[in-house]
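Both of the next two complexes hold chain A, though its partner changes from chain B to chain C.
After this line comes the complex of A and B, so read on.
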């Protein structure tokens, strides 16, 4: 049985029916839904478009003006259904108002999703998404036994395709669980095209793919570039889906130290949703976070994990009584901060050199001593110039004041090798090349940093 | 000796106040009903008849009555009906308004209630026993334990006309805390072996004659801390629960084979010996009911969209043919029973959104035993969260179409995952942004009509177009989002609601601004502190 789309069939003045609805709210782009809703799916090329005269269409509450288009397409491949003709006409309605309705142009190649209109004419199965991108040739390396998926995978893999076509293909496959699709999405995680990269990454996150999360961990921790920024707003929602995969939890915990708010929110939400030991070990440290939503996820997650519904507020309730909930959970999970044990070590730093292959500045730091305190030990870089970033940091201080200092692990064990010396190589991203300054601080112990 | 003298004094009092119509005031159960009748005669006859109690087993049909003497007693309880506490002169001292914990004034002397049974018979139950506070009356300390939940199916009749002035809305409950009990029954706890507790059945309902105890039972007869539950609602029952037991978790049982004997050692007190066996109450089962069912219900501001239950059915288990008395202990502003039922199932409909997890608490009482509270959370859509990334598509007709996705989140920031109707409505006219373009052609003001749709899987997808290229100044154009400019052209206010496809109906989840730039569109949040 075909799944019905939200939009009703509207009566044309010519007494023919098409599916039509006015955006801007449109049907969800989903290849699976489109396939179910279609009688015929073909890869075809638009050979001609004939605009009809202006007309009015009505539903029970509203009238719309627009034009009927007859789109003639030449069939290249049939992916669903049966048809012997080499071409066909699609009756398409274009509203006058800027509605976000999908358009086609002459010569356009794509996958058309069609439903029967009359004995001789077809209509879009979904007015909002009746064509998806395709490539001229049939998929040579299918990547999937499903013909439709294979066509879309081919688009994703094609570097000749536009980034929006590739992103549309990815978006249409977001909810498809298929090994070939997953492999295709992972293959473009190395793409330099930010739209393609983030489309693939968020689609994989939404499917709780822990491998993808690990692969892009570093990019998620580092500050987003200007070209990344337009595509990363929805990371929070995508990352939260990783909560269902236990393998993703350590990576999510590490992402709490990200320089990007969306990533930190998504990681906090995921860990709060997952609950369990990792929630108890990480969420108390977020109670003092400067971001209200992250604080909320800490409260909510601790309430759920410890089964204290009275202390598990909704977000509006939390906003109205923030201090009450924060204080309560701080009393339940008192936080001790790692001690400043810098005085027990000697720290010597080299100068900086520019690694031309990476574009990052490199510095060696030698740490030695015979500390009385227990490890592990980390080196925090306090007061690092704004606009500079420590590459591959292991976290950021949030408990041991000052907060916000990036740190790297010096020694992961509790025991410091007697009279031992550790040499660290630090790398800095310095887009402004204005000089790098910071104050070293060594923190000891397993407490929150 | 002390006990004997005390008993004697009480009987003397009884004799002084006469013996009129005592029989009609006796507790309708096997034990106290007979005790009551017996005591009308003489102390000696009482003592003799006590020994023969087990042989009678007669059941009366009179109201069960007792009273609480709360002189100088500060007590608190929460109730979900209006009630009145009165003083000895029948002057109303205060009125208990609806719900909430109420502290009775320190000069409150007595409280009284009368409860009608299922067949219209009047039961009256006032209690004296244990509570967290206590009162000193004369040389004795009294403790009170109120039953927590009397279902008041009908307006209560005050004893003697207007002594009790409960103004009770049918289907509401008086809830006393702590403790649990059923209608027309009481819990009496003997908290201290040094102080006796009192059971009283009154021949008259007026206060002026209330102190006519037919029997004082000193703590010496029972173990300290022992609790009894007196008489059920339909049949006369006498149930004894083990010391320190929780009435809520210990089912009432019928007392069988009661035998009474006495021991009197010269110079010492009379020792009464009670022996009995307990059996489950037939027909209704005696186990504590457990509520099962969905722990979540949805609220969409009166809308009832598919896939999201705005009404759920709760079930009391194990199955029983007993009368079930359902009540909402907390959160009756968030949910209500859509139908009244005395059966094992009840339908709960949402009225508003939860502020905390499980802040609607439902209980059911059956055969005098009350379930644990069953927590229900009323979820509601509350906000939107963008689902990355937006895609800016080229359009031959409108320059661009920006495709944006939103997830719908509830008030706990958990996403809705099933199909749900949504709509958008405009909260302002289209406004030109003249900072970039001093003049904007009318085509940019041509926006789509307000409309609804289905958010498949809880995901809203919207396409926002530029203006008709052919007629527009400035002409819309397309750039990828990572190189898009920020040249604003027009904007308008919007409200997104969830739960209905009719614009404006349902729950508002986001008020935002639709911003059209020359080369792309964005949805801007009105509240920067809560960025999407």
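After this line comes the complex of A and C, so read on.
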């Protein structure tokens, strides 16, 4: 009993030190780390939960309140360690203050990651993540020789599992390099569930998977939908990890034309980090980008690539002397503008209709041809009446004169499908219905627009 | 001289009727899926928007022979821009503004029918005048369709014989006003003929056009000489006569 109390006290002090002295610190979800930290890993179901009582820790200045929970679980499968009992108790601490500590519910099924607490009791191996989702039956098709990975792969593949459970399983495998895991993640890139799709995509990007990057290239270039938006926060960092794979670099260069800022920033950062010829060919075009972070990646990447430390500022230095750095690199790499290739295409426009549900005028534009020039291709709207706006434009011309023309991406690829036709739907805001006129211009190539 | 011809051209065209052949369509729409739907009452909406962006009034659309087969118009009609009239008799829409719209509420019957007459003067500049039709729910939003801007029918005047595009409703989306998705078939549009300009107008128009061509070819010749030679012509203007005689009085 005394030994148990000592252990509990030690665990609690350790836990509260981390939890309350560094309240923002939460362990990353990583199945590999959890496996290493655990003495016992089991697939089990929560059979009972008993809440303990009272204040359980105080130091000379502050008292932290919380309660102890005894979670009884019924074992279904043992994935690591050895145990003969059919059930066991897990002593779990729940602080009153919000902390990110994982809580459980009666009847919950999951993979439990446990460490030895006493001869008869177990504690979570990680207070933040001690349960990962599982399915009731053992994996029929293992997918991996590792028992833990096979369980998680089964969850990812299960369309009966909730989106949250599948995403949690995916997130736990982000740092695991395993053929079975990779195949499992790629298999859900066709999922219509945005949470599952983006979880898998970012996990694969973080593993520098060039195949995954090219598979979802068009989805990354097109404007994200409202249902995508909540799940794309980590894209920038994930894309940056692709810099380590040379096969990913052409796709990253194409993604610089994305309509989504996170994608453009991530791609610019990855190319700047990768350096080499692709950095020299693409980064100068970003020096006049409208986004200051992308400008910075261009400056930083060119400085690193050409080994000029005095022209490779930190971000605060860049912000303080933006013009100096940009002018320097523009003088080193004179920028060429995207070419006007309108004559290589046929552009046919419909009339306008006011969509009453959106309040925007809608027009179809059909672009066809067999251009000799290389893409990507964008449609710029020159001389658009003042006071009108092209809804969801992909950018505004600043290099290819006339400047200030909004443009939309026609084709993000360098190659135009032979005799291909692209149909765009343009939307305009014209609050006073004064009339919409513009001159279409098609720009080709990766140079500045 | 060229400038004065250019300025007077719209007037001349107007006086000669400026009625290139009209194309006539009969439009029929099965409206029975609307009967009793909670997104009602519904309204029929037409737009006829100018492609030039200036309201050049170079095309006219008329809607007539409107019927609802057991339904009825509940009005009142709302006309914006160059729209006028009433579906119970005749609605006329001219692209005299950029945005021209006609809306009228109705109680659906089994079938909606009407006749559409449309002139086909193609706008220069690359964007055609566009006629479109939709049905609005009780929130004022269009019933979702597979057409651009939730339209059931679109006619772009991009040739002398415009081709209608008809769209069914989108059965995967509920109306903005609520209720289950509506399954409307695409309207059936039948071209029933064309009307041609009156013979008298044809002759007058042809004569004026010949005159314009002749004037254009000879505009560099001495105006005084021309005016003097043609003094007896009823088409010589008083200003030309003054120029010929050296009378500079305004």
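Observations
Quick note on the criterion: the second predicted complex is superposed on the first by the 311 of 449 C-alpha atoms of A that agree within 3 Å, B and C clash if a C-alpha of one lies under 4 Å from a C-alpha of the other, contacts with A are read in each partner's own complex, and residues count from 1 in each chain.
Going forward, a contact is a pair of C-beta atoms (placed from the backbone, for glycine too) under 8 Å apart; a residue touches a chain by one contact, two chains touch by 3 or more.
Please read all numbers here as calculations on a predicted model, not as lab measurements.
Contacts of A:233 after superposition: chain B is touched, whereas chain C is not reached. More residues of chain A lie in touch with B than with the remaining chain of the pair chain B and chain C.
Look at A:445: by the touch rule set out above, it reaches neither chain B nor chain C. In the superposed pair of complexes, A:425 makes contact with chain C only, with no contact to chain B.
Within the superposed three-chain model, A:369 lies out of touch with both chain B and chain C [touch as defined at top].
Applying the stated contact rule after C-alpha superposition, one finds that A:133 touches neither chain B nor chain C.
Once the two complexes are overlaid on chain A, none of the chain A residues touched by chain B in the first is touched by chain C in the second. Those residues of chain A lying in contact with chain C across their complex are 347, 349-357, 361-364, 385, 425, 430, 433-437, 440. Per the touch definition, chain B reaches chain A in the complex via residues 353-359, 375, 377, 382-383, 385-398, 401, 403, 405, 407, 411-415, 422-424, 446-449, 451-457, 459-468, 480-484, 501, 514, 529-530, 532. Across the complex, chain B is touched by residues 5-7, 21-30, 33, 62, 64, 94-103, 105, 128, 163-164, 167-168, 171, 175, 194-195, 198-199, 202, 226-238, 240, 269, 273, 292-293, 296-297, 300, 303-304, 309-317 of chain A.
On the chain C side of its complex with chain A, the touching residues are 45, 47, 49-55, 97-99, 101, 125-130, 132, 134, 136, 140-142, 148-151, 154, 156-157, 176.
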